[in-house]
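Consider the two complexes below, in which subunit A is the common component and subunit B and subunit C are the respective partners.
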Partner chain A sequence: MFALNFLLRRIVQGIVIIGLVTLLIFTLLRVVPGDPVRIMLGPMVAPSVMEQVATELGLRDPIPVQFGRYMLQVMKGDLGHSFIRNAQGGSTGGSRGGETFDLQNRAKVSELIANTIPYSILLAALAILFTVLISFPLGFVAGVYSGKWPDRLSLYVSSVLVSLPNVWLGIVLILLLSAWGGILPAIGYNGPSYAILPALVLAIELAPVMIRSIAVSVANSLQENYVSVGEVRGIKRRRMITHHVLRNASIPLLNLFGIQVIGMLLGSLFVVEYIFNYPGVGLLMINAVFQRDFPIIQAIAMLSSAVLVCVNILVDLAATNIDRRLQY
Partner chain B sequence: MIEEIASGPAAIPAAKRGSSIGAQILALAWRAADFRIGLAVLAFLILASLLGPSVLGLSATKMDVANRFAPPIFLEGGTWKHILGTDQLGRDLLIRSLIGLRNALLIGTISTIGMFILGSTIGLVAGYFGKTVDLVLMRITDAQMAIPVIILAITILGVSRPNPVTIILVLVLAGWPAYARVVRSVTMSERRKEYVRASTILGASSIRVMLQQIAPNILPPVAFVALLDVARMMIFEAIFGFIGIGIQPPTPTFGTIIADGTKYLLNAWWITTIPGLLLALCLCSINLMGGALERARNTLLRGQ
Partner chain C sequence: MQTNRSVLNVSQLSVDIEGRERRRILNEISFTLEADTVLGIIGQSGSGKTVLSRALVNWLRPPLRISGGSILFKGVDLATVNETAMQQLRGREIAYIGSDPANALDPTLPIGRQIAEKLMSVENDLARDAADRRVLQMLDAVRIPSSRQRFHEFPFQFSGGMMQRVMIVDALITNPAFLVADNITQPLDVTIAAQILRLLKELQRDFRTSTVFVSSALGVVAEIADRVIVLAHGEVVEQQGMHGLLDRPTHEYTRRLISEMPKIWGEEPLPTAVETPASETVLSVRDVSKTYSERDRNRFFVWNHIQAVRGVSFDVFRGENLGIIGESGCGKSTLSRLLGRVEAPDTGQIEFLGKDIAHMGRRQLLGLRKKFQLLLQDPFNAIPPHLTIGRTIAEPLYIQGGTSSVEVEKRVRATMIEVGLQEDLYDLLPVGLSAGQRQRVNIARAMVLDPELLILDETLSALDQVEQAKLIELFGDIQKRRGITYIYISHDLSLVRRVCNRIAVMYLGRVVELASNTDIFFNPQHPYTRALLSAVPAIEERRYLPETYLMEGEPPSPINIPAGCSFRSRCPLPIEICASVDPKLSATPSDGYAACHLITPIAQSTINS
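So, the complex of A and B:
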């Protein structure tokens, strides 16, 4: 009952937050200079035609009116149509004239996202797997040997890893492993192996945060009273760590993982997809930004904040499952 | 380093005990070798980025088509004239990297100071007054933290015309909530302390209490750790440049140098890799310092 109450409250809060984020992006897009109609119709079109199309798309209405209309549409499950891309997959606009611009034949945003999201999920899942594989052993050993050389080593490894800009690291890995080494494919997507290199870049970016937090959390748990009490009662240190310390250390970790790491992952996913020309949601978004394709930008911003909000709620639920003392 | 931290506040020289929290953190961090190494490397890089361009007497934007793709000095065919080689337009990469470094450091530092000031002010106000002010401000930070920095930045910079001012504004806009949250929570606990209550009873105004009593006690620990954010912001600057929404050419930035070099990766791999290495070196020096400061702060705060 409490859980249900808690869940309901959090979901309502979450919806408000997603609404605020969408409003922010929606307003920013319309306030900063850069008219999407100009890109849709090309530079040669007459101002009167431009105004006509803009009015048809509702872009000349006051922003609150536009936002209200958009939200009603979203609530009906309709994310709208792309400004630029047509349903056949190509882009209209640019050099084409106003006559060929077809308002009716534009791609549905929901379909564009549905087509790209599996790639992003594959990449994100692989990145999380790599992150865990890198950071868990390093962080755990550093935490158990807190203050000794493994701890120091993991500290320096994380300091170096966190200093590698992902745009540079991506290119260097392409050069080393793909161009020179020929071990892994790099650009675009032609099978799941194309996700390995970008996932590696993401993992190297995320690992330092995880390593340090695992180390701190394990080290702190080891200092708790119950550890020495357990030792007095004759529980082996090894068993103590695997059965008790890990469980207790996992709550702050889970929190961190949910909020910080997933947030970082979401942001970096966009950049890494762009570096590797990987056909996920991030690449769709960045291309949409360059084309001022408002409906796509809004939908993806809304989606990513929804993901973050959901992850936060799940993290809180999971934390209360691990430690019942935590309040709903 | 870590042994020193493990030994805790007792290891702090007695003479430092009376000094301000900021000075104590600095003194403790100074004892870590990685802090001193980071500081030395960073100081050298800052000096190089300030003086280098005029000492070398080369131009960052002058093209020299006859000398395109000149390799760096340590490869066959490299010359002292272009120590790090040249790019696809024959521009000297060392100069371009140094000026790129200067721009990155400037943007990183200014935006971090900006988000620190904005975030701390909002955090102080929310933590001090509580109630409705607090609620409204925290809901705003909630919303902002529910959207990754990159997405916010790409949206704003991508649809507008990016220049150094808008880049800094975007970074400040994206980064302040984290500071607001930290400062708010510390202010809330500080406000209940005796010395704050005493000043209030003695008739000090809210602003006076906030600025003269609370701020000097809680802000230095936050400020030192902000150094880590300078490195983060520099990475963002490089990302923006790479995507094409950073400082626009011909002004050199690491992002544009890296992106340009990508097209010639197989023939002239040094265009992308070596300037990026310089950036990574600078970031590493900042992170070493920031890490040492953070550990020093945690040690001191735990000791209190």
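So, the complex of A and C:
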């Protein structure tokens, strides 16, 4: 009963949030300079033709009208068509004349996303796996020996990692492991091994946050009264840590994971995919931004906020299951 | 009753605190715990009793360290034994219960699971269902109602008293040879504490557990211990049988301890207030109620209604001291917020000097407010740290306005002298003030407006006996000089016994009895008042025995108050009508008021309802 009530409330909240984010992006896109029609049709086209195409696309209607139309469309399950890309997958651009631009043969946004998303999921999953592999042991040891040398070591490691900018790190890793070392492939995609390097870059960016938070939550949990009482009750410290401290420490961690880590991951995914020319949603997004391809930008923004909302709901549901006090 | 077998032999035990300089906390403590007896250790805060009880189970953490002596248990010296061997003993042979049951278990797991976990980790070859069975048996033995269901509940779902029972189960389930109970009743309400004490006594008898019972309350120790050790400043000052200690204390410190024990039925106290029977009514409270609403997170669109105060009525007369007593959750703190008009009641009137302040607007209230003041318990958070003491006391005058700053300073200084604060504190910041001084600053801040009614909500609870006595005297002096009226809201029976003319007893949001001081203590009418009196830890002979009046059980939740009398679940003498008809507060033969069918003719209360 609690779970149902909780889910219902959170889903409604989530939908509102996604709607607001979409509205914000939608408005911003239309307010900031840069006319998509100019990029669609190229510089050589007469203003009258431009106006005609823009009107046809509905871009000259008031923003609320455009937004309403867009949302209706979305609710029917239609994310619209790209402004720039045609259905064959290639990107058209300003070099082509207005005559060859085919309003009817533009790529469906949903298909574009569906084609790229598996790559992004692979990359994100791998990144999370690496992050956990790096940060869990370091953070755990630092938390258990809080204030002693493992704690300090993990602090140094995470301070170094946090100061590496991902663009720079990406380039260095490409040079070291790919160009010179020849161990891992780097650019583009031609099999799952292409995801390893970008995932590593993402993991190195996420790890410091995780290491510190794991260390802090484990250390805090160890301070709880019940841990020392456990010793006098006859429960061994080792068991206390594996069965109780970790369980309690996971609650703040889940929250952090849901909000900060996933948020960071989404943000960095775009950049890293671009650096590695990795054909995921992020690359699609960055190109769409350069090309003022409104429908794609809107859809991906909506998708990102939906992911964030969903992960948060799941994380909170998990947390309330671990600690029942959160249900009251 | 006593055998010559000793379970624990402590000799010359010393504990130091190690830091930049060593300091001795316990000095050469020696005693013997005989098998199947209870050894009481009594000491005030700072005497080292908690350190001692932890040292006995070798549970000291740096910077505390055992620096000498031995603790012999079954041929093993616990003071020097290594950690692994100690781990074998703890939980199995040696058990410990502390004063903070709420934080003693993992908050995220059911209590039954955790006790079974402990049982299985000290008895390695025990199967899980066998462990569960034993836990259930023990939960029944400590009389936790519906144990089967509660096995699966989480620590936060237990009240303090129930959680302490859980910890008793946890400690005794392995049938240890000796148990250290460190101040286990300290955080509990009197009736609940008395229940726990009674339970521990029974279990100790059944399980023959040799027990070290540590407490700061002589009355509590007297209830359970066979022998007693008096601890002061880290040393044993006296050691003898319980009765001998009370009758013939040998050490000066013990004598003082006994003489400071507040007496309830002993000498007739002199209420500080001048007796002016039923003169002018200062405050008239009529049928006041307050309900808080809180969302029920397990159901859709459902709000829980917490009935904190349910139809309270009483009058307060000029120059008297009215006491309002009750245990936690009885609604007395909500009532004090209503009387001080920090909050408005949902229904009812509060007439102060003939004006209804219950629903008065902010502006109108401001003018009246200087005539009635609310003083809270916490002397620490109420004083802004960045203002001088003089400025803090002057604050209410500035809020009221209309006083020149020369006049303000004059009045502040005069008030400071009146409440016993040195005048040279006027320009100082409040850092470094003692608890008593801080409370005096609070009192001065209330007094500077020259109020006619002062509501004291647990104002004296945080202070020690000596400081408390001084402030009581101060309140008395001010009363004589200014003819002020006091309402003392407190859980402390001996305090209201000492100062109040009339006393109202609250239970579950209601006044269940209201009578003169003497009648409340010598001729109480309501069964709850008697239960309360039977539970007070005292070293005097009790007028009301817990065997007769103190039932098991805890107050029902204020969310779902059952029909009929709300005290029925714990009442020793309920009659049929109690299940259906809620008794109203009505006059008793002895000039007081009580809400109980045994006292008021049934016909009358039916008419009233």
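As a convention for this text, the second predicted complex is superposed on the first by the 326 of 328 C-alpha atoms of A that agree within 3 Å, B and C clash if a C-alpha of one lies under 4 Å from a C-alpha of the other, contacts with A are read in each partner's own complex, and residues count from 1 in each chain.
We adopt the following convention: contacts are C-beta pairs under 8 Å (C-beta built on N, C-alpha and C of every residue); 3 or more make two chains touch, one makes a residue touch a chain.
Predicted model, so just to flag it, every value in this text is computed and none were measured.
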Subunit A contact check, subunit B vs subunit C, more residues touched by chain B
Can A:R10 be said to touch subunit B (first), subunit C (second), both, or neither?
-> neither
Examine A:G263 and indicate which partner it touches, taking first as subunit B and second as subunit C; both and neither are also allowed.
-> first
Touched partner set for A:I171, first subunit B, second subunit C, both or neither = first
Check: subunit A residues flagged as touching subunit B and also subunit C none
Residues of subunit C that touch subunit A when the two form their complex | 57, 59, 61, 87, 90-92, 95-96, 98, 100, 103-109, 117-118, 121-122, 154, 156, 170-171, 174, 297-300
Per the touch rule, the subunit A residues reaching subunit B in their complex are 13, 16-18, 20-21, 24-25, 28-29, 32-34, 146-148, 151-152, 155-156, 159-160, 162-168, 171-172, 174-175, 179, 263-264, 266-268, 270-271, 274-275, 285-286, 289-290, 292, 297, 300-301, 304-305, 308-309
Given the complex, residues on subunit B that touch subunit A span 1-3, 5-6, 34, 139-140, 142-152, 154-156, 158-161, 231, 234-235, 238-239, 242-244, 254-255, 258-259, 261-262, 265-266, 269, 272-273, 276-277, 279-281, 283-284, 286-288, 291
How about subunit A: which of its residues touch subunit C in the complex?
-> 1-2, 5-6, 224-226, 228-236, 239, 243-244, 247-248, 251, 322-325, 327-328
